[in-house]
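The structure appears below as structure tokens.
As written, the chains take the letters A, B, C and D, and residue 1 is the first residue of each chain.
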Amino acid sequence: MTLNVGVIGVGMIGQDHIRRLTTVVPGTRIVAVSDANAAQANDVAARVAGAIVHATGEELIADKQVDAVIVASWGATHATYVLAAIKAGKPVFCEKPLATTEADCSAILDAEQAFGRRLVQVGFMRRFDAQYRAMKATIASGAIGAPLIFNSGHRNPSVPGYYTRDMALTDTAVHDIDIARFLLDDEPVAIAVQRPRRNSRGGELSDPLFTLIEMREGALVTIETSVNIAYGYDIRGEIVGETGVVTLAETNAIVVKSNGGFSGRVAEDWRERFGRAFDAEFVEWIAAASRGGAAGPNAWDGYVATVVCDLGVKAMEAGERMAIKLREQPTLYRT
Amino acid sequence: MTLNVGVIGVGMIGQDHIRRLTTVVPGTRIVAVSDANAAQANDVAARVAGAIVHATGEELIADKQVDAVIVASWGATHATYVLAAIKAGKPVFCEKPLATTEADCSAILDAEQAFGRRLVQVGFMRRFDAQYRAMKATIASGAIGAPLIFNSGHRNPSVPGYYTRDMALTDTAVHDIDIARFLLDDEPVAIAVQRPRRNSRGGELSDPLFTLIEMREGALVTIETSVNIAYGYDIRGEIVGETGVVTLAETNAIVVKSNGGFSGRVAEDWRERFGRAFDAEFVEWIAAASRGGAAGPNAWDGYVATVVCDLGVKAMEAGERMAIKLREQPTLYRT
Amino acid sequence: MTLNVGVIGVGMIGQDHIRRLTTVVPGTRIVAVSDANAAQANDVAARVAGAIVHATGEELIADKQVDAVIVASWGATHATYVLAAIKAGKPVFCEKPLATTEADCSAILDAEQAFGRRLVQVGFMRRFDAQYRAMKATIASGAIGAPLIFNSGHRNPSVPGYYTRDMALTDTAVHDIDIARFLLDDEPVAIAVQRPRRNSRGGELSDPLFTLIEMREGALVTIETSVNIAYGYDIRGEIVGETGVVTLAETNAIVVKSNGGFSGRVAEDWRERFGRAFDAEFVEWIAAASRGGAAGPNAWDGYVATVVCDLGVKAMEAGERMAIKLREQPTLYRT
Amino acid sequence: MTLNVGVIGVGMIGQDHIRRLTTVVPGTRIVAVSDANAAQANDVAARVAGAIVHATGEELIADKQVDAVIVASWGATHATYVLAAIKAGKPVFCEKPLATTEADCSAILDAEQAFGRRLVQVGFMRRFDAQYRAMKATIASGAIGAPLIFNSGHRNPSVPGYYTRDMALTDTAVHDIDIARFLLDDEPVAIAVQRPRRNSRGGELSDPLFTLIEMREGALVTIETSVNIAYGYDIRGEIVGETGVVTLAETNAIVVKSNGGFSGRVAEDWRERFGRAFDAEFVEWIAAASRGGAAGPNAWDGYVATVVCDLGVKAMEAGERMAIKLREQPTLYRT
């Protein structure tokens, strides 16, 4: 019952997925890879027993040996591959973003709706994180009453040189936006972006950002993105309800007392903080894809993320609150 | 070296101040009281050895036995008494608000400036709280770099029946606004107020509120006011800096493990949370007033609080960001 | 209703008590002091308005101006002064130890029993600490079932040069022994002292020690004394019950995140950790002494502490468990 | 490069290992099982694709298809199978205890020493736990100086009916004893067991126990075993060093504030607390066994655990401190 997987795009993220599937999570065999950079595809395939190289993602998807597809190529190419996978009726795990334009996301929704059942899973790994799941269970338990405000903090010690101003929304806050929808089980209706005093460590970036999103049922979501905060990779979250609050706990293994105080570690990077969420993401994907389907975040989640982030960039530039317009949700995604 | 104090207004707060000065904090003698309700004044005086009753606050201020004055009467009367105390050259501790209108606050600034030295201390007790002082010291130490965002949370389990919608700003958030200025050592330049989904426990109130204040040097202040949150009186605060953050710690005495988990207490009310800050506030006031002066929050702080809260109410009603205009700061208050 | 207090012994501790009574806790007037060092007595009296100097403690106790006595002289002199105060029928606050020998403690018990009501309060300030009181209340609430084990940790960053090996028991663990009796409401029946590997920072001291005390109802008390642990003054305590545990919380004001981790302070010394317990100790003593009595730890507590610590020193030297024999408890101390 | 594994003993623990190897940790194929209960062996084999049943453990070990062996049968049978595996030159993972008698443990040491390299790994999963590893790294970093005391707490909410008094040592404290040796990198020289007041929930058991172990270099190890403490499965640990301490952190995912306090979860059972340690244990075993060897806790560790626990039972019964005598350590285990 091994799932034969083809991987499109074997850059840093694609290789990390292959590493995870070959050494951490059981149940798959990597049978094919492809990459715009043919040399890189050959290099990676040479290190994975049994994997062949395809010239294009389309060829890989068409390969009868391939049961399911992972799309980890450059964002602008995602839509083409996801649509091809749907056409081929093959389960496809697509790294975020689902697509870089609202139109492409929408085309995917239509294609999957026409196909008639879910094939697409989007790489929002936070939905598989034990801490966020415990938060969501707390809301469901009624322990804090109806949720009224969700404050999310997303802090990176630093970002690479190619990181642009818009990426604070499209690459970083996108995770907070998705998890807010997951936790609150609600859709955004408006967005505004505040630009506080700039961190001198951030060069030309507008860092930090403080984004406000209004949800349909009235809850307010606030997102702090600090991408040069030096001290660590720290994901904060607190939901304020009618009668209580729930907060993500610290994740330190030990407490040390020395030199006049106590201390504990903060995660160093997303690998450390979300390593197990990535594991769980693929465990659930493999189980679902082996049955011809998908788990967790779906194409609609990918669509909303792209729409909200794009509008967020406009709202940031304009310095204005903007209303979010979502297309009608296809029946496939209604729960 | 005992300071002879007269107390104007002996309702709940005035009586609590008298209790504190007679049983907790040494260094004063309550020599006179007055109240719009003469019967109440007589009752209170009867329980304080050596205290006489004056028919009016003005008479009390004029009393030669009175070295220093505490104003704890109805807010709308504060300005009159503070101005009278300044005229008499007597140190005056004025409960918040300093005055209920910008004009009255401004008149007090002018009077004190004309007098030539500080006589007025405003009752923003948080400035004497050990936790906030440690926060401020952390900024000063450089441990988190320049402060960029201050998130303040102000949660009450419930509010009395007379609590009106505007009081979430003028009575509750006013403390967060003042402490933000204290912590950041900066002045506000704009305010906007978000009204998230309403807590069903809050009746007609707009509860919670989420207020955003932009400071002159660019830091962003956010204030959550939740005044019916049931679980406790919980004051949260976190400052996000360039390289780190500082957060108010929990204040529980013990941790109990039972029934599948661990737990600790949250304070029940402001008396429990800020009891020691009130003590310190009066310890410092008594020391300063005994030398003819005042300590901590001054009339300028009272003026800014009134201006910002009044504009906050307008911003909330309009649903718009509003620019804050402060008069020129008299030289007396420049540090 | 001011209590006129005479202070016998105005070294470091006596002066600190005077400071507390003149500047922190209201309700007393220091009317007399005495000290074996007459010059020191004069110096201190010169700084306290209205205080006179007596040549001896006995004279001070006999002074009609003196309503109540504080004994803060050298430990070996305590018994004489406490007995004199009882003879004079005056409330007496005696710093630990109540007396340095079992015989002297016993004589005090007999004298107070003969007098017929409590006059003596011993300076075990931990009983007034809010954290220990919350612990005791937790036991009383039944939240953890019957207490079975109490682990107490007493850590000092360093100790002065005159600190001897026995003082780890008689001066340091004595507080843990007393608070164990308070928390468990039980008496010790046996003691053994383990001497783990020595801290290289501790010179000739046997540091740390690990003391085990068996209580009458079977609960086990363990006491770690580490007196050169460098990192801070840290008092730990955990009670293991039948269905849960209760632990002293950390007491840090803020949490700072920087440099890869979070951190908070540990107290620097006993003044910081127990400052408020000392305040409360005197607030309660003043109230009780003003009514001619005493509060909190009594002469029986002082007697048991001396007996157990003395036996502990023997048990440490012998490397053996030793049974504790207490005299019959006078009726005055039975609750 | 799949490791073909045979499992001897497919009761609760053996089945859990099979589940882990077939669904969580990649790299193995279960090719054979055996069990004293043939029906159970058949049932389990029927659910594992490709697994055959052997009539005896010896047959299973001799099976050429079997690369490596897991011994999860009844403790008294362990030695026989481990010795057979060594004789066959096959890597063997043996659940604790390595053997139930000192003589059998010693025979295994001799056999493995004669074989010339490690084949045996003992199931002390705590050594793979991230929290304990962080503790050990802290000692190695020098952050707390030399370790002087290690306090270990081992709390179970309840134990099954077959749990006997001795098992508090041989089945429960055995983990604390092993991890103490791991953390301190030292061997025990004496043991004493205190029996505090009994938990009324524990029936005839002597619960809790408080065990003291002296290590060769002088550090003191204390072990609280509470096996009916109701509130949760809670593993506590603190190492007191010369200049600081290191403590296992709480492992809660979230903090909830409601009803006057904050709270977080404690683990429910060992599966929740040590689930990831079991994963890591097998990840490292599979990697090592695939190279013909073993990882982590070795036969010497198993030998010492059996010797110390057996003596601990005697020390408990006698109420006396007993000196521990270990045989000379074979060169194979010297590091």
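Keep this in mind: a contact is a pair of C-beta atoms (placed from the backbone, for glycine too) under 8 Å apart; a residue touches a chain by one contact, two chains touch by 3 or more.
The structure presented is a predicted model; accordingly, all values stated were derived computationally and were not measured.
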item	value
Given chain C and chain D, the chains that contact each of them	A, B
Over-half contact-pair match to C-D, picked out of the listed pairs B-C, A-B or A-D	A-B
Separation of chain B from chain C, taking each centre as the mean of its C-alpha atoms, in whole Å	38
Gap in Å, rounded to a whole number, between the CA centres of chain C and chain A	58
Length of the line joining the C-alpha centres of chain A and chain B, rounded to whole Å	44
In chain D, residues with contacts to at least two other chains	230-231, 234, 243-245, 250, 252, 257-259, 264
Residues of chain C defined as touching chain A within the complex	230-232, 234, 250, 252, 257-266, 268
Complex contacts: residues of chain C adjacent to chain D	145-146, 148-149, 151, 153, 194, 196-201, 208, 210, 212, 214-215, 217-220, 222, 224, 226, 228-231, 234, 240-245
Chain A contact footprint on chain D (complex, rising order)	22-27, 130-131, 133-135, 138, 143-144, 243-250, 252-259, 264, 276
